[in-house]
Structure formats: structure tokens, C-alpha cells
Amino acid sequence: MHIPDGYISPATALAYYGATLPFWYVSTQRLRSQLAGRTVPALALFSAFLFVVMMFNVPVPGGTTAHVVGSVLAAIVLGPWAAVVATSVALIVQALFFGDGGILAIGANCFILAVAMPLVGYGVFRLIAGRSPLESRRRLLAAGLAGYVGINVAALLVGLTLGIQPLLWSENGRALYSPYGLDVAVPAMLIPHLTIAGAAEAIVTLTGLALVRRLSPELLGTTTSLPVVAPSSRRGLLILLAAIIVLLTPLGLVASGTAWGEWSAQELEQRVGYVPSGLARWEGWWQAPLSGYALSWLPADASAVQQALAYILSAIVGIGLVSAVIFALRLLVRPRTPTHS
Amino acid sequence: MNDTTVFELSGVSYSYHNRIVALRDVDLTIRAGEALVILGPNGSGKSTLLKILDGLYRPTSGRLVAFGHDITAAADDPELGYWLHQRVGLVFQEPDVQLFSPTVFDDVAFGPLQLGWPSERIRQAVATTLDELGITHLADRAPFELSGGEKKRVALATVLVMDPEVILLDEPTANLDPRSRAQLIELLTELHRRGRTLVIATHELDLAAALASRIVVFGEREHRPIAEGPPDRILTDQKLLIAANLVHEHLHWHGPIVHSHLHWHDAEHQHEHS
Amino acid sequence: MPRRNFVEKTLLDLAGAIEHSVYAEELARRSGLLQRIDPRVKVVVLGFAILVAASLRSWPTQVALLTLLVALLVASRIPPGAIARLLFGLPLFTLVVAAPALILVPGPELLRLPFGLSVTTTGAWSVLTLLLRVTASLAAASALVLTTRWADLLAALRAFRVPLVFVLVLAMAYRYVFVLLELLQDLLLARRSRLLRRDENTEQRRWLSSALGVLFQRSLRTSEQVYLAMAARGYRGEPRTLRNPSLAETDWLALSLGSAAFAALWLVDLARL
């Protein structure tokens, strides 16, 4: 379920980071005020618990086993914001320490498993559980179903993310990243999750909730009765969504191959219908340095973004060479005295 | 030994979730420089008492005075708690909850950092403390790499580094092998000799015999002191010890053992006496 | 062969995780090339390497990058066996996953197979590109993670202005993962020692839920106790850390030279477009 590095393009990975950051920010802010001084140990132990839950091999009817994510259970028991942070931390520890899931792909994995999955699952739970009493059977069934829907939404997102790779990043028919289109990637992800992994997630979410209800009912009393999306924060959520869309649009454009830099003012006029006056004024300025020092060995059809990238990269190479020379000279010039480092 | 009062508890009670009683109407005075052993079986409220003394739990009722200041509300008042924690240190029973940082160094430096000491002073103090406890070689280990005895010493280091006047210890010898145990007892004796006030909660009679200058016995049903006095009197009172569930009739205690453990010395340890 | 049940599988996973982290800690303490470099520099340079690995398009530069990274691992005294396991694990999985793409990606025929199927040149190139990319990314990540102690990696994150609360949670989560993993291991072993006959599915699930419960309660209790232990040492909700020491001269050199090498690879790759 965790996307490793190399399967998705850097643009996709960065876009997912951009999409996840606001959720991290909002959730840590909320938890800080809710948990006060207890924030750090509480989140750390929730994360450690989720990490261990992810290690479980859950027996599924039919005799096989599957791993679970547990973020929907976390959202129901601890509240959606704590679930976002705790699942993210568990995933980051997995990626950095156990090599489960890529580092560049942390943004994608966190968005899918730690943001989309618990939030959707929590929504499903609230929808079905409604105002039913805390000890009702309906709440348990709601939890099971929420787990099932949550994991499948996550699987769908993974399928879509992998599926768009060959559409957007191919070169002469050769796929640069994950090679399967949507027609293969989406069913390949969904079929096992609709059956085995979905069942495992439903089992763990349901039994988990039943258990917490029996052992620590006071926990459910406080977190789930908290109005999670208060009227004032609904506006916050809208602003957040808007921010995400604003953030994603340019990244998406880069992603689709038509880089920003390629738009001349004329092209922009054709596309958008008008030219922002600011852009017209600056166009000459920011194109000048590029055209002035064109790298002759870059392919003729290299875009402005590629040229800019080439400049930055050459600068890094230059700095490296210069510092190597300086270091070598100093080694030669300096008298050999023992230094404690 | 001076005779100033460090802690004064009057009528202190505590119950968890307003249901489970842990302490009932406790009156207790703790004097500077003494080594007070709170002797009681599991569930008699010893741990709760230590957490109240350290201002971590707020008494359900009653009043608590430390160093002449009313600190009953310390658990709900961060500034008051902060003031108290500069002078009183608590070593938890389970070292795993006390060692929460990535390395031993970070854990020992945690307290001084919270006190806002300058970096140089922190590094100095951490180095000295690790040296005194003979654990300098553990400085950059992760907690999960430590043995039980090592964890206990590090936990003690995290408290000693802040140089508190009073050290509260919760079952300090629990789960220790005989050698680590002897080393720990020797260390605590040394701390007491240097004038630190020790409050030790335990159910082990030989620990009480080795360390106590005074013993308070807590009853498991009473949840408060049922006897108090010097070790030679308390530890020879078989009837009291059996009633308090500290010895069993068929498996009992034959008077205080006189300091018969092996002494342990190594190079690091010598620094303590300088 | 009897199929291993979930208890055995989970036990194996747990042992693997614990063994891995103990081993990683040991590797990070060796005196190799990368172990001597400041963690902050490693995060920048190898983070950049991961980005380069994700961006390269041509196989010669991909192979060059992979060679460079493997050389770094060797110079850091990572045993060849460990490197081999690393570079064949996920890539092998990738090969299995990507194999059908040999046929599924449309393009000119390279090799005819029975049943009217054929391997396409574009398919073969796609699989090769992905394989090299995954391996290089993994090598870069390993060069960072296996040569840097967890505590130092966290300190480096702190230096990059990652919020302290987040770094602390990460540090503490990792710390208590071990406490809980050991607890889970005990629970599983206790179950195995009591197990006399093959257990039923429903019974397995009942056990699973009670194990989850024990772990959850332990997490709750531990978090409260840890908070008290922090408060007892003067914690008032505002985390603090010691400042990192400044970079040594060799660190600056490693920073500039390392970035330059990876940047050069990327440049060559761009030029070959």
C-alpha cells in the first residue's frame, strides 16, 4: 500500500507534499490547544500504537492474512486531527527507519493514508452512526463500514496516482515512472482491497471500537462528542481547500508537461483570454538572463524551466569545484599540525 | 542534620476518577536531610503519595506545604509546578516512562534545558553526572539498547543532574539484579550522606533496613500511615509487618540485616568522593 | 507444508523490525565515510540525490548515479551482503510487479511470445527505467538512513526548522514503538506457548482484539506517565533543545562536492534529452 520512491514523478510527489502540509499544520494547531502540555507524549504514543497496529497480520475469513492501516479506528477513537498526525508520524517512522514507502513519496503516502483515509472514514462513520447511543450496535457496524470505505478510498487514490504516471510522464512511448495506465493500476489496487484488505480493515476498526468502548469508555465520551467541524472552523476548512487548489493548479500544470516558462505572453492570451499586466511588464526581465547565456549544449527544444534548472545545476557544480580547489590549496599550504576535530 | 521541615501534609486525600481511593486523610511531615522510607504493600498509595509530593497530582482534599509554600495546586499551576520541580526530583518506578528521548545524553539534558540553563553549563552538568554514576560510556546509546540496571541509573541521572534538594524514589530496586541493586543502595547512601533528603517508596524490608533513617508504614486498606518510627523498632515488630502485609507468617523476616552487601568501586565511582 | 498462521507471521515481522533497527544503529556507529559527515549535510546532499534519482530520464546517467551511491555505501563500511539485500529486495518486488508491462506497454515488437503476445521495446525500456529509478532512490535513502543515527537525523531535521513539536513527537514515537513491539512480542509468545491445537478463525480474531486492547491501554497509560515524567523535570509545554554545533570544514566540502556531483549527473541527463 505504501508507494515506494521511483514509482511517481517528483512533480506528483511535491504536489502531494503541498496538499498534506496544510492538514499537518491545522491538525497540530488544533491538538496543541486541545491537549495542552500533553500534546507531545499523547501524539507520540498514539503514533507508536498505530505503528504497531500496522505490523499486525490480521486473519481474514478464507484463511489468508492482511496488514491494516488503522487510521479510521484512530479517527473514531481519538478524533480526526489526532488520527492525521499519529498516522503521519507512524508512516514517516516507517519510511525513514524501516524503508517502508519512499522518502520523496512521504507526502503522497501521508495524504492518502493519513489524511484522505481517516477523514473519509470518519465522515462515513458519523453519517451512519448518526445520533445513535454510544453503546449501540449500529455504531460498531458504522465503524466496520467506515474502515472498509476508508481503505478502499485510499486504494483508489493510490491506483489513480500510479495510473496517471504513464499518461503524463512518458518519452517516445517509454514510461518514466510506474508503467501501468489507469485501466490496469486502478483495478489492481482496488480488487484486493475490496476483498481481503478491506475485510481486515473492517474487522480491526470494528473490534477496536468495541474494545475501547468496553475498556476506556471515558475516551469516547470526550472525543466523539466534541464538535469536530465547528461552524467557525468550517470556514477555515473552505479557506484550506481553496489554498490547496491554488497550490495544486500550477503544480498540475508543470506536471502536465506544459511548463510555466513556456508561456509567452501571447500564448497566455490565447489560453486565458487576457494577459495580466504585471506579467507583461516582467516578461522581458525574466527572460533576459536566460536568452543571454543560453547553454549551447542543451537540446534546442529545451523549455525555459529546463534551462533555468540547467543554470541552477551548473551553479551547484561550480560551487563544488571552487570549494574543492580551495580546500585542496589549504591542505597544501597549511603546516601539518595535529588538530582535534 | 538540621531540623527544617521540607514537606507538611495535612489531611491529604486522593482518589482516581473520584471512585478508587488511593490516599485517605494523610498527615505527614518530612524533614530536611532525612532518609524517609514509605513502607507499604502494592496498592497502599505510595506511588500516589510521591506524585502528590512532586506536585504532579492535585490532592482531592487536604493541604500540602513544601519549603514553607502552599503547593496544593501545583498540578494545575505550571509556574508553581516549575518552581517545585527545581527543588524536588522524582525517579519513577518504570524507567521506560522516564527515558523518553532518543539518547541517554538527551534524556539527562532534558531537565536542565527546561530550567533554561546555558548550553555550556548543561553539557558540563550532564558530563559530571554521567561520570559520577559511571555511565559516561552510555551517553549516546538509545534507551532500547540499555539493560534494566543501566536504565535505572540513567533515570536517576536525569534527576540528579538538576541537583534537587529532595529526591523521591518509587520502588528504586524493583526488577534489579543483585549487583545493580547493591550499587544503587550504595549510591543512595552516599547521596544521603551528602545531605540530600530522600523519600523512598518500597515494599522491600531489606531496602528499608539499608537506607532508612525513619520509616512510615502505609496500610493497604487504610491508605494512610499506620505506624511510624526508627528502622530498628519498625522492622522488628513482626505483628505490625504481618498486619501490613509486608511479611507472610510462613515466609518471614528475621530482623534487619546489617549492611552485608558487597561493596562496588570503580574508577568513575571515585569522583563521588572528591 | 503447514501454512504459517498470523501469530507466526506477525512474530517474524516483529523480530525483523527489531533486528533491523539494532543492526542499523550498529552500522551508523561504524567509522565509514558518510558516518563522519554532519547529518545536516547528509540530509541536504542525499535528499538532493533522491530528487535527482526521481528526475533522471536516460539509463546511462541512472546507472552512473547508482554506481556513485553504491560506492558511497561501500566507503561507509556497509557490508556487501547488506547492500545486496537492499538492492535486490524492493527492486525484485518491482520487477515482479512491473513484468506485465513488458507486454502491456504498446510499441514495436522486441520478442515474440506464445499466445500472440510480444514483448515491446518501449515495454522493456519502461521496466528498465523504473527498476533503475527504484534502486537508485533506495540506495540514496539507505545512504542517509543507514549511516545516520536516529537521534542525529532528528537533530538535523530540527536544524531545518521543522517544528520542534513535530520532531519531538517523531523522536518519542520511535522510542515507544520499541516498548510496544516488545509488549506485542510477549503477548504473541505467550499465546504460542499456550496453543495446543490449530485455532479457529473466530478465536484468532477474539485474541487479536484483546491484544489490540492491551496495547491501546498500555499506550494511553504510558503517554500519561511520560507526561508526568516530563513535567517532573520542569516541562511546561514548551519544548527546548540544545543548539547544534556549527559545521566543520570537511562538512562544507562534502556539502558542495556532493551536491556538485549529483547536479552534474542531472545536467548531463538534461543535455542528452
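Per-chain numbering from 1; labels A, B and C assigned in written order.
We take it that a contact is a pair of C-beta atoms (placed from the backbone, for glycine too) under 8 Å apart; a residue touches a chain by one contact, two chains touch by 3 or more.
All of these numbers come straight from a predicted model, not from anything done at the bench.
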- Which chain, with its centre taken as the mean C-alpha position, is closest to the global C-alpha centre? C
- Outermost chain relative to chain A, judged by CA means, is B
- Message: I'd like to verify one number: the distance from the centre of chain A to the centre of chain B, where each centre is the average of its C-alpha atoms, in whole angstrom.
- Response: 46
- Task: Please work out the Cα centroid separation of chain B and chain C, and write it as a whole number of Å.
- Result: 41
- Query: For chain A and chain C, what's the span in angstrom between their mean Cα positions?
  - Reply: 17
- Item | chain B residues counted as touching two or more neighbouring chains | 78, 100
- In chain C, what residues contact two or more other chains? 150, 171-172, 174-176, 179, 222, 226, 230-231, 235-237
- Residues of chain A that touch at least two other chains are 37, 41, 44
- Using the touch rule from the top, collect the residues of chain A that touch chain C in their complex. 4-7, 9-10, 13, 24, 28, 32, 36-49, 51-53, 55-59, 61, 63, 65, 85, 89-90, 92-93, 96-99, 102-104, 166, 171-180, 184, 203-204, 207-208, 210-212, 214-216, 219, 297-299, 301-302, 306, 309-310, 312-314, 316-324, 327, 341
- Task: Would you tell me which residues of chain C are touching chain B in their complex?
- Result: 22, 25, 149-151, 154, 171-172, 174-176, 178-179, 222, 225-226, 228-237, 240-243
- Task: Mind listing the chain B positions that touch chain C in their complex?
- Result: 51, 54, 56, 78-79, 81-82, 85-86, 89-90, 92, 94, 96-103, 106, 109-111, 113-116, 119, 122-123, 140, 142-145, 158-159, 162
- Message: If we count contacts the way the header does, which residues on chain C are in touch with chain A in the complex?
- Response: 3, 5-6, 9-10, 13-14, 17, 20-21, 24, 47, 50-51, 53-55, 57, 90, 94, 98, 100-101, 104-107, 122-123, 125-127, 129-130, 133-138, 141-142, 144-145, 150, 153, 163, 165-166, 168-177, 179-181, 184, 201, 204-205, 208-210, 212-213, 215-217, 219-220, 222-224, 226-227, 230-231, 235-237, 239, 248-250, 252-253, 256-261, 263-264, 266-267, 270-271, 273
